[in-house]
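Pasting the structures here.
Heads up, the next two complexes both have chain A, just with different partners, chain B and then chain C.
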Partner chain A sequence: MTRIKAYCHLREDFCSVNGQVIAKRDKDSEDGWFKQIYKAQEFAYPKFHKMDGLSQAGFLASELIKRIYPEMVTAYKDDEIAMVFANQSSSADTDLRFQRSYEQNGAPSPSLFVYTLPNIVLGEIAILNKWYGENMFAVLPKFAPDFFVDYSQILMSAGSKAVLGGWIGIMEKQVNVFLFFADDSGQDGLEFSPENLAGLAEM
Partner chain B sequence: MTYIGAEVIISPLGDSAEANWSAVYDNRSGISLVQGAGFDGEAVFLSKILDFNSNSKFTALLIQAIEKIRTSIDESIITSAKTIVIISSTKGDLDVNMNDQFGKPVAAITEHFHLAHDPLVISNACISGVLAINAASNFIDANIYEHAIVVGCDVISDFVVYGFQSLFAISDKPCAPFDNSRNGITMGEGCGAVVVSGSRAIFKNQPLELLSGTTANDANHISGPSRTGEGLFRSVKKTMERNQVSAEEIDFISAHGTATVFNDEMESVAFDRLELSDIPLNSLKGYFGHTLGAAGVIETAASMQMMRNGVLLKSLGYQEAGTSKALNIISENRKGELKTILKTASGFGGGNASLIIRSI
Partner chain C sequence: MDNLKEELKKQIIEQLNLEDITPADIQDDSLLFNDAGLGLDSIDALELIVLLEKYHGIQVTNPEEGKEAFKSISTMADYILKRKA
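And then the complex of A and B:
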């Protein structure tokens, strides 16, 4: 049976792993919210600072899941983990910044333009982990647990052994991220069902 | 067996697969020099659908494509609860609403066609179209849906033109895939559509067989291809193994061929590693430009027309070999029976995707 082994929430003012809050936003900090988490958790991946919000969120959530469930990287071959991500706003947060670069700031910014696609976060996580597996990014009107379960099961019946997936909504001040890791090993974790996924996402 | 058929292409060359076929068979291109299209007001070569008046070109093209689909399949499939519409696109309705690029177009086609389910939007850069066709097949194989209408669409905007200009990725002439003098992409716009189904009976004309493929990430760079072609190599290898198709069986490769120096070089390396270098190959970007999220669907539809017409279509813009590994690029149209073909795509985010189509 496929089970949810670990999950991570990122919201406007807190970050939690498996439901336990590990960071709260300090509104007085000079650092942005994602940088606060990066520093507090003592990550060391300089490329993080070049990433857009979507990729930073994907980096933090996937790395925090990895810390609590290290099997995510030790138990699988480099092409066995599929990524199935979705959101409602695509890369609009960075799209607006890129548009400002040429409408207000003189010239289109290539370093912003390369992040104006929602699937770039999948590329960043693949690069970080050297993962060559299946990728899927969908744009959905709202969180759809059936989509994640259906498509993950499809990929797991065709060679993938595990799925890193979830909702990654970043739009201006709004942060709504829920990533999970699911696989078939062991007896721990809730069954990977639409009901359980919906329940965890709501936390 | 999973069937694929009822293909539609809307591009500057015409508004049906047949009209587009007739144009590309004459080796005509949709690319023209568009005045004032660049960031500094310079002229840029684009494959742009001119004289198209609509509040939302994106939504209008989606509707036009599905209307065409409706005439070539059992009409009741459109509204069936067993049907999913899958849209592949990178930027959707960006010019109309940057904050919500897909919400309104999706709602508009759901209402217009009385769809039973919300369409699924797949947005994986330039592999979106091939991935969407594979996803359609996967949903059908898993018995989640029985039929899928896959519509790939992207429209040219200042946003994407300026963006690719900022990367110095736009060609100063009509793009020349795999040619020694290639120096970048030509942006294109358009809409492609196909129907994927487990039922042959829904198609008014003979469908083809779809052998669902795979994706693989390069794990290398977000905006540049792997020098070793690792992701493309892995995707094609898995797609061939999954479907038990050997290199000898493949009659033609519809490559991605964007005409950037690095992409086309990467493809030559990947096909060499796959021992597919001798198979006749083209890029259709010389006809349609690079239509981003629509490319995989438009180029699959055009390849299906090649199969139906028994023609290996010239790779427009190619004159002289320009990759480190040799490829068998089609230099002139010629007759040939195409029983089994391979379609590939690669894109930003390190994505690579492939699928196989077989005649029945």
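And then the complex of A and C:
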């Protein structure tokens, strides 16, 4: 049976892993919220600073899940972990920044342009971990637990052994991120069902 | 020279949209295209070429020259001074 082994929430003012809050936003800090988490958790990946919000959120949540569930990187071959992400606004947050930058500077910015697709976050995580598994990014009207379970089961019936997935909503100041990792090993964790996924996402 | 390096750091932050980085985070001799430095990539190299033309009126036409010049803040400053001499 596939079970949810670990999960991470990122919201506007807190970050939690498996339901335990590990960071709260310091509104007086000079650093942005995601940089506060990056520094507090002592990550060392300079490319983080070049990423857009969507990719920074994906980096932080996936790395925090890796820390609490290290088997994620030790138990699988490089093509056995699939990624299934979704959100409502695609890469609109960066698209708008790119548009404003183009209007203000009179020239397009290549470094912003490369993030004007939502699935770039999947590429960033795959590059970091050297993963070559299946991945897809869906743009949906709202969080749909059935979609994640159904699509993950299709991928797992076709060779994938585990799934890193979830909702990664980043738009203007709004942060609504819920990533989970599910696999078939052991008896730990909640059953990977739409009901359980919906319950965890609401935490 | 030190002023030029500080200017370059601010220009790189602006040009590459490195909103999370401050000039103090960039060391003069750190390798810009290395993961221990800023971790820049080929897209960013394009941005640096644009930066040199936009802020310093310098066109980089020889790729080998650019490879050397973009190693670090110090080598970029040296290159600008040499081209303007």
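The criterion applied here is as follows: the second predicted complex is superposed on the first by the 203 of 203 C-alpha atoms of A that agree within 3 Å, B and C clash if a C-alpha of one lies under 4 Å from a C-alpha of the other, contacts with A are read in each partner's own complex, and residues count from 1 in each chain.
Here is the rule we use: a contact is a pair of C-beta atoms (placed from the backbone, for glycine too) under 8 Å apart; a residue touches a chain by one contact, two chains touch by 3 or more.
All values reported here derive from a predicted model rather than from experimental measurement.
Participant: In the superposed model built on chain A, check whether chain B and chain C fit or clash.
Facilitator: Aligned on chain A, chain B and chain C fit with no clash.
Participant: If you stack the two complexes on chain A, which partner ends up touching A:157: first (chain B), second (chain C), both, or neither?
Facilitator: After superposing on A, A:157 lies in contact with chain B but is clear of chain C.
Participant: Quick one: is A:106 in contact with chain B, with chain C, with both, or with neither? Answer first, second, both or neither.
Facilitator: It touches nothing on chain B or chain C.
Participant: For the superposed three-chain arrangement, provide the angle chain B-chain A-chain C between C-alpha centres, rounded in steps of 10 degrees.
Facilitator: 80
Participant: Let me test your reading of the model: by the given contact rule, A:133 touches which partner, first (chain B), second (chain C), both or neither?
Facilitator: Touch status of A:133: first partner only.
Participant: Who touches more of chain A, chain B or chain C?
Facilitator: So, of the two partners, B touches more residues of chain A.
Participant: Taking the superposition as given, does A:88 touch the first partner, chain B, the second, chain C, both, or neither?
Facilitator: The first partner, chain B, only.
Participant: Just to be sure I read the superposition right, which of the two partners does A:114 touch: chain B = first, chain C = second, or both, or neither?
Facilitator: A:114 contacts both chain B and chain C.
Participant: Check the superposed model and tell me the shortest C-alpha distance between chain B and chain C, rounded to whole Å.
Facilitator: 7
Participant: Going by the contact definition given at the top, which residues of chain A touch chain B in one complex and chain C in the other?
Facilitator: Residues 107, 109-110, 114, which sit in both footprints.
Participant: Mind listing the chain A positions that touch chain C in their complex?
Facilitator: 31-32, 34-35, 38, 45-50, 97, 101, 107, 109-112, 114
Participant: Which residues, counting only chain A, touch chain B once they are in their complex?
Facilitator: Within the complex, chain A touches chain B at residues 78-79, 88-90, 92, 95-96, 98-99, 102, 107-110, 113-120, 122-124, 126-127, 129-141, 147, 150-151, 153-155, 157-159, 171.
Participant: Which chain C residues qualify as touching chain A in the complex?
Facilitator: Its residues touching chain A are 15-21, 35-40, 43-44, 46-47, 50.
Participant: Residues of chain B touching chain A in their complex?
Facilitator: 39, 90-92, 94, 98-103, 106, 118, 120-125, 131, 135, 138-139, 141-142, 144, 158-159, 162-167, 214-223, 230-231, 234, 238, 242, 348-351
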